[in-house]
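What follows is a single structure, written as structure tokens, with notes after it.
Just so it is clear, A, B, C and D label the chains in written order, and each chain counts residues from 1 on its own.
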Amino acid sequence: MKRYHEPVWQFLSPSLVVVGVFSLYPIFESFRLSFYRMILTLPWLGQKFVGWRNYADLISDPVALSSFTTSALFVAVTTPIEVLLGLGMALVLNESFRGRGWLRAVVLIPWAVPTVVASQMWRFIFNDRYGVFNYLLFGDATQFYWAPLAEPGLALMSIMIADVWKTSAFAALIILAGLQGIPHELYEAVNVDGASAWQKFRHITLPLIKPALLLALLFRTIDALKVFDLVFVMTQGGPADSTNVLQFYGYKKSFAEGMIGYGSAIAVAVFLVSLLLSLLYIRLLGAGLLRKERAA
Amino acid sequence: MRTIFSLAIILFLAPCVEAQTQLRFVTWTSEAAKVWTQIIADFEAAHPGVKVVQEVGPSSSTEFHDLITQKLRNRDPQLDVFFMDVIWPAEFAAAGWALPLDEFFPIAEQKQFLEAPMQADRYAQRVYGVPVFVDAGMLYFRKDLLEKHGFAPPRTWPELVRQAQSILAQERDPYLTGYSAQFKQYEGLICNMMEFILGNGATLWNEQELRSTLQDTRAKEAVRFVRDQIVGAISNRGILAYQESESLALFTQGKAIFHRNWPYAWEVANDAKQSKVAGKVGVMPLPAFPGQKSVATLGGWQLAISRFSRQPQIAWQFVQFMTSAETQKRVALSTGRAPARAALYHDAEILKRYPQFDSQYQTFVRAVPRPRTPVYLPLANIMQRYFSSAIAIADSDIDGLARSAARDMDRMLELLRDRRQP
Amino acid sequence: MRRIAFAGAVVAIGAFTLLPFLWFVSASWKSATEINSIPPVLWPSFHWDHYRAAIAEHGLLHYIANSVIVATATTLLSIAIAALAGFALARFRLPWGRFYLMLLLALSMFPQIAIAGPIWRLLNFLGWLNSYQGIVAAYIALSLPFAVWILATFFQELPYDIEEAALIDGCSRWQALRLVVLPLAAPGLFTAAILVFIHAWNEFFFALIILTYPARQTLPVGIALFPGEYTMPWGEIAAASTIATLPLVALTLIFQRRIVQGLSAGAVKG
Amino acid sequence: MLREKKSEGTIASLTVDKLSKTFAGREILKELSFQVADGEFCVLLGPSGCGKTTLLRIVAGLETASGGTVSIGTARVDALAPRDRDVAFVFQNYALYPHMTVFDNLGFSLRLHGVPKKEIHARVTEVAQMLEIGHQLDHKPQQLSGGQRQRVALGRAIVRRPKLFLFDEPLSNLDATLRTNMRVELARLHGRLRSTMLYVTHDQAEAMTLGEKIIVLDRGEIQQSGAPGEIYHRPMNLFVAGFVGQPQMNFIEGRLDGHGKLHTEAGVEFDLFSTVGGRAAPDSQLTVGIRPEDLRRCASTDARFAGTAEFVEDLGSDCFVHLDCGGLKLVARLPAQDPIKLGQRIDLNVDPERVHLFHQKRRIDLT
């Protein structure tokens, strides 16, 4: 039974070409390089195929393990806060009030500010002497002053604050969209039964924005694992390596030390962790995110 | 939809102008950009048919390194002359990225330049860079405070600490700190710590035996001194997050008694528009530990030629012009950066404009380069991690940290052992 | 009582997002000594030479021009390509359609830093280094995954029968897309466009190593050129950032309703 | 609804031959074959989920069949894209272009086919007048009422003068009175245009009033096809008998004895010898079908059924009485003049000529 051909290829070829040349090729190149050992500054060592040795070294490299835990901690703390804050912002922004348009634009400022600028900004704010952070908290009582970027414990926290400030708007945007998708009649119906604000949220809002929450969580996790600019500008992985996230460690290996093979292996590790987490989210929170099969 | 594609077409056909022979010079936007453009214009006037095309990267050494190595690792012919940080020659030579300049740069000419940077520009008996300007660590101090409290500028670190403690006690200014420097986990930390360690008669590594010497007792002593006497005592803990700009800000705001920085800080600290302590600033070589000599870490930038340049002759003419005595003098006068040619330190005009060059000359002559090895950057990352971990935690296990840092450094240096350069 | 709590929340959100940025903007009107004065000076003395320096000495305007060109070209092309792919994935029941969506999501997980080297070599091979098309091609690849995702989910929610009516009326798939689907999908396109634009506007690392001609460098690289080797001109950086962020804020203010409406897939009731 | 036959026109007929469709393992259409003559108004009637909409969408080209062919006139179209089949499709929820005015909605297909502006304007205004939406031409669909939107959807199809009109339950979103008016208008429209129309509905009243031919579908198979009267008065199987007719036909199970006498579960007997003759073996199970309107009140002596009224639906014009005849539930349609009270015992009889007989779900003709 001959059927007329939907011009599928006309629609998909542009994206396939671009993704194929500019995404797939570089990523395969990274995968390939991760099986080689090379140090650019010692060319006589050559580029030897070493199979899984880079990955074996990665597992046994104490600095890599500590940077893995730093990254994991960063993701585990920032993504939930960003999604929760995003949810709060979205709920507020969903209500209609006079300045809503302005507030929505203001909320987008952190997302619109270039990351390199935002990092400089927070480095300026967290400075323990001329930064406003200490001044607002403690006024002139310098004995109580913190040095956020200087204490191993506080440095990562400062980067988290900067990241939460920068990206909560993004999460809020996605969740707000989910909220707007909820048909209004549902709320009218439940109002009739006299539900409290909390019950309305619990039984109507939450279940219906689950896909939006999942999407926000997914995109934030992927980005949080790839955090780089903030660490590069604010702390360069210091103090005492306490903010040496995996991505920054990979950058140092590939670009500063010329160990492309090892750097690529770290990048692949970041990718695999991200893939694993995403599959976990999709399995746990339901596949509502994926395309529903189109009914006959 | 049609408009979108027509816009894309225009972009793709952006014509690029082909002029005569193009000399590609990769540099960064220096503070005195106007001076550089003028010098380049003069070069082009003196060499008709040659057009210098400038490509620009950020001044931060790490970012400039990322950009330049990207071109070099890919043998990009579109690169002739580029700026090289004082710690890169060994790496760029071993990697086969920088062109040996011996045939262009005779020994007699090399003698014109300060010995310290020239030493840094050599690797395996060949020269790979021509110094443009030099940097060296110096001690800035509040002349007024020292005089007020009857102190002569300190010769040793313990003396500095004692003076700082007594001034702090008497001044009772909550914001005042005794010593401001660069202890953030980055290249600057190595420059600072090297001055303490070498100032205690120790070293970072043994060049002949290709092994780390961080475990020597004198080296660990210096580190312990910084952790307990400086970070733990006379400095505010914020110092662990400072690069040059933050540390200098404390000094220019009048909130630091002593301050370690490069020569540029003299101009800033004495400029009333930028500093509240203009005129009250003294500068001297860094103190050392009792019985040892003062040591300053060498910094500065050199010009190098890419091994993949298709026109090394023209490139050398450009480098020669840019590092000629006359150009060096113009740059020194306009930017205040310490020149690399020794003669300029006795040039009346320069000394009139920058009297401090006279007293700083000795520091520049004796400045010590950081380990000259192709694997310097991996070593640097290991040392940065070690130093930061050692001084940022009050009760850090310095012996243990030193042992593992030395082990990691030796494992890197091991790679050099089997391939001794001729 | 709820009114006060709500008003409190509005103020809190406004403060949380705006105050840090306003503090940085205030630095652009402070004199050199005021900027890092200890203790900090809260109210600036309002003089404008940082703005003059940012524009005149650092050539901020041509960085902004470059960023506008790059970001606009990236957005237009990326959205055009993503709309085609999103439409096809939503409309044609392709057996591997879902796989392609998952592949795109996976691609967006790969750290850009790691593929910067290979992308540089690719552009070098094509002779596109230091060219608008080079950086735009790289940015399209970076932004396509999430653009296709947003548009595919959006098209999938659009009521199908309006399109079928167009097919019956005599449209080819292309005409149906252009004349009926795109006008209805405007909010979705807008959302994806704003996100792609902001991504291209903010990207730093690729631009650092690909664009080294001053005439081509985009804003984030331009601002990274402000600091000297040891000096950090906070005033000028703050001024540059304020100028750079204003167009984006204005853009989002004008289109914020469309943005949110777009993201709420299926907002268009047939 | 009698309309005079149109002379042979240019409008082609529709031929569907052994059309089948399976989706996700389920057989939706099972080798259907039927024809729609030129200018004929054919209705596809069936319960929801019987595959009638899928069949319509396959004819339109919006879906592909798993087997069989579709031809309009003499040309096979099943391999053509929807736009090449010259068909018009009126959707259930109208599918108007929300971003275009009514005028643009109506003229869209002409614009696509490059019809000159002047002609588009003329044809659009003519159809708009015909459908009384002349003064809504510059409104947007959101500004129109349900009925008006429905007429615009209809107008969009008419303007094109297609070879074949396809309707997918176009009236189901209208309120009752509007629906009855539109039924009459559609029929009058068909009378004027004399175009071939294929109309899908689950509402049998629409089927009876509009259809010149009705095809009853169930579970992807044609149960019966024929003129409305044929479908109503000679249902060929239990399904058609039960589906067509409101309220539903009464069914009574029974067993035929050796002498042509039928003994039903309610103890009522029917002497069918003269009609059944030898066409049903003795002792076989038969189902008797009696339409509620065929039951009439009679004297208790010659009553065939007697039951008490459990529930009475009084529709004004007549009333439906739900009776319990000793366990057998019957529904009778009685004239409203003599109202029945709840619990009242009444006697009913039926003219044997009007009784329907089914054996193993197939009809057995009495004459």
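Basically, contacts are C-beta pairs under 8 Å (C-beta built on N, C-alpha and C of every residue); 3 or more make two chains touch, one makes a residue touch a chain.
Values in this document were obtained by computation on a predicted structure and should not be read as measured data.
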Task: Smallest count of steps, each to a touching chain, taking subunit B to subunit D - done: 2
TODO: Please give the pair of chains with the highest number of C-beta contact pairs.
DONE: A-C
TODO: Work out the mean Cα position per chain and let me know which chain is farthest from subunit A.
DONE: D
Open item on the list: Distance between subunit A and subunit D based on Cα centroids, please, to the nearest Å.
Closed with: 58
Open item on the list: Taking the mean of the CA coordinates per chain, how far is subunit B from subunit C in Å?
Closed with: 36
- [ ] With chain centres taken as the means of their Cα atoms, state the distance from subunit C to subunit D in Å.
- [x] 56
Task: Per-residue overlap in subunit C, given as positions that touch at least 2 other chains - done: 36-39, 80, 117, 172, 224
- [ ] Would you please write down the residue numbers of subunit A that are in contact with two or more other chains?
- [x] 127, 129-130, 140, 255
- [ ] Check each residue of subunit D and list the ones that touch at least two other chains.
- [x] 61, 81
Open item on the list: Under the definition above, what is the set of subunit C residues touching subunit B in their complex?
Closed with: 31-33, 36-39, 57-58, 69, 73, 76-77, 80, 117, 120-121, 124, 129-133, 136, 178, 208-209, 212-214, 217, 221, 224-225, 227-232
Open item on the list: Could you list, by residue number, the parts of subunit C that touch subunit A in their complex?
Closed with: 2, 6, 9-10, 13-14, 16-18, 20-21, 23-24, 27, 35-40, 42, 80-82, 84-85, 87-90, 92-94, 97-98, 100-102, 104-115, 117-119, 122, 137-138, 140-142, 144-146, 148, 152-153, 156, 160, 172-174, 191, 198, 201-202, 204-205, 219-220, 223-224, 234, 237, 241, 244-245, 248-249, 252-253, 256-257, 259-267
- [ ] Please give the residue numbers of subunit B that touch subunit A in the complex, ascending.
- [x] 62, 65-66, 69, 73, 91, 94-96, 174-175, 177, 184-186, 236-241, 246, 249-250, 253, 255, 374-375, 377-378, 381, 384-385, 388-389, 392-393, 396, 415-416, 419
- [ ] Could you please specify the touching residues of subunit C with respect to subunit D in the complex?
- [x] 159, 161-162, 164-172, 175, 179-180, 183-184, 268, 270
Open item on the list: Considering only the defined contacts, which subunit A positions touch subunit C in the complex?
Closed with: 6-8, 10-12, 14-15, 18-19, 21-27, 29-30, 88-89, 92-93, 95, 97, 99, 101-117, 120-122, 124-125, 127, 129-132, 135, 140, 165, 168-169, 173-174, 176-181, 197, 218-219, 222, 225-226, 228-229, 247, 250-251, 254-255, 260, 263-264, 266-268, 270-271, 274-275, 278, 290-292, 294
